[in-house]
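Each structure below is given as structure tokens.
In the two complexes that follow, chain A is the common piece, with chain B as its partner first and chain C second.
Presenting the complex of A and B:
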């Protein structure tokens, strides 16, 4: 099994860092797609098979929260696991995201956190019994 | 064979070896293991950056995190290990009670480590970092198992 991932962030540097983290992670990575805002992200989802969406919140045109809402309204893509990576600190906003079933990672992130969060929400388990 | 690694040193070995280091406080203990070739090593580095004393770093790179970590990876590869297969675990980097806040050596050791790992595209498999404890690490190169006690 390999995981096709869509990375949505308005910062190209951030998208590159997330992609590098995924490549380092040892997770079975398939195709990767990138988008610079929520609208572009939805366009990708309409054209490609995606198993996991990693999305920023603050973006121009369409922000991450709205993208997630649109995804949840759309039967073919409503069940795709979502990881939000953002500097967002507002507790109510984070709770809202969790209610929508998204996992949350705070920026700046460590690549280990990305690996562990994805293992967790995609039920991949570890390939190793960690000492922690 | 059993090896003890002192502060500012490292040891690499193979199946059958056990590497031990004591009294990891603010120092970084880094254990790397290639499960396929069953070789690995342990670094016990004391300070974050070699530029604080380049001369010392020249004679003993293992004192510093930024020179010790690449040396550890290189020596493991010289023994037949492969960088892409390394399972890497970190311990130490504590913050002893009463330590001057200004220095935060443990935290700096950890953040320099994370930068070097990022550059090398290597993730930590696990970590036992921070707190106030002094740690002891037993690293079994037959299995790659790491036992940390404090």
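Presenting the complex of A and C:
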């Protein structure tokens, strides 16, 4: 099984860092897509098969929380696992995201944290590592 | 209180620079501020239990390595100007996002604006800094030496921080 991933973050540097971490993680990566805000992310989801969404919260045009809400309202994409990677530090806001079924990774992060969180949310065992 | 916030600013900045840009930094509290004219500077403003602006200035000569590390570029690849600016904006964004709950506690709510590159720091600082006779007067400053250059962080806060807004670890 390979995982098609969509990375949504308004920072090109952060998208590159997340992608680099995913490649280092040993997870079986398939296609990777990128978007700079929630609206662009939804457009990608309408055009491509995606198994996992990694999304920031604070973005222009459409923030990550609104994107998650739109995904959960749409039957075709409501069950896609979501990992939020953000600097958000407020307990209240984190609990709200968890109630929407999203996992959370705090910036700055390590590749191991990304790998373990994705394994957990996608129910992947430890022996699903890719060859690279 | 100021000393506690300064220590937190140093700790968060050193941690983020190491984890995000793979760069070790060393506190140089006694040195002068960077020459802002030859640095890339960015700011992030925030509102919440207290309101203010965090400013970050990085020596231009340190930026290629810093941005290259974040992007995972090879030694012979040079980051573009846009990538260098993006790297500084992401760094200050993460530093601010980690600093505020470290100062005020995780129960608090802050709204943090998107980071912006500042073209004329000296002039821009007048908008959010109370000046004394020695110039802009930040609540806390962290001066760090990094590979190939320097990095300054200045925390400006409007008015006084309420005592009950400070989280004691």
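Just so it is clear, the second predicted complex is superposed on the first by the 127 of 132 C-alpha atoms of A that agree within 3 Å, B and C clash if a C-alpha of one lies under 4 Å from a C-alpha of the other, contacts with A are read in each partner's own complex, and residues count from 1 in each chain.
Heads up, the rule we're going with is that a contact is a pair of C-beta atoms (placed from the backbone, for glycine too) under 8 Å apart; a residue touches a chain by one contact, two chains touch by 3 or more.
These numbers come from a predicted model, not from an experiment.
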{"item": "Contacts of A:12 with chain B and chain C, given as first, second, both or neither", "value": "second"}
{"item": "Partner chain in contact with A:25 - chain B first, chain C second, else both or neither", "value": "first"}
{"item": "Greater residue coverage of chain A in the superposed arrangement, chain B or chain C", "value": "C"}
{"item": "Which of chain B and chain C A:78 touches, first, second, both or neither", "value": "neither"}
{"item": "Contacts of A:112 with chain B and chain C, given as first, second, both or neither", "value": "first"}
{"item": "First, second, both or neither for A:58, with chain B first and chain C second", "value": "second"}
{"item": "Touching partner for A:48 - first (chain B), second (chain C), both, neither", "value": "neither"}
{"item": "Touched partner set for A:91, first chain B, second chain C, both or neither", "value": "second"}
{"item": "Doubly contacted chain A residues - partners chain C and chain B", "value": "20, 110"}
{"item": "Contact footprint of chain A on chain C as seen in their complex", "value": "15-16, 19-20, 67, 70-72, 82-83, 86-87, 89-90, 93-94, 96-98, 100-102, 106-110, 112, 114"}
{"item": "Residues on chain A engaged by chain B in the complex (per definition of touch)", "value": "20, 23-26, 110-112, 115, 128, 130-132"}
{"item": "Residues of chain B touching chain A in the complex", "value": "87, 89, 114, 118, 121-128, 145-148"}
{"item": "Of chain A, residues touching chain C in the complex", "value": "10-14, 16-17, 20, 58, 60, 86-93, 107-110"}
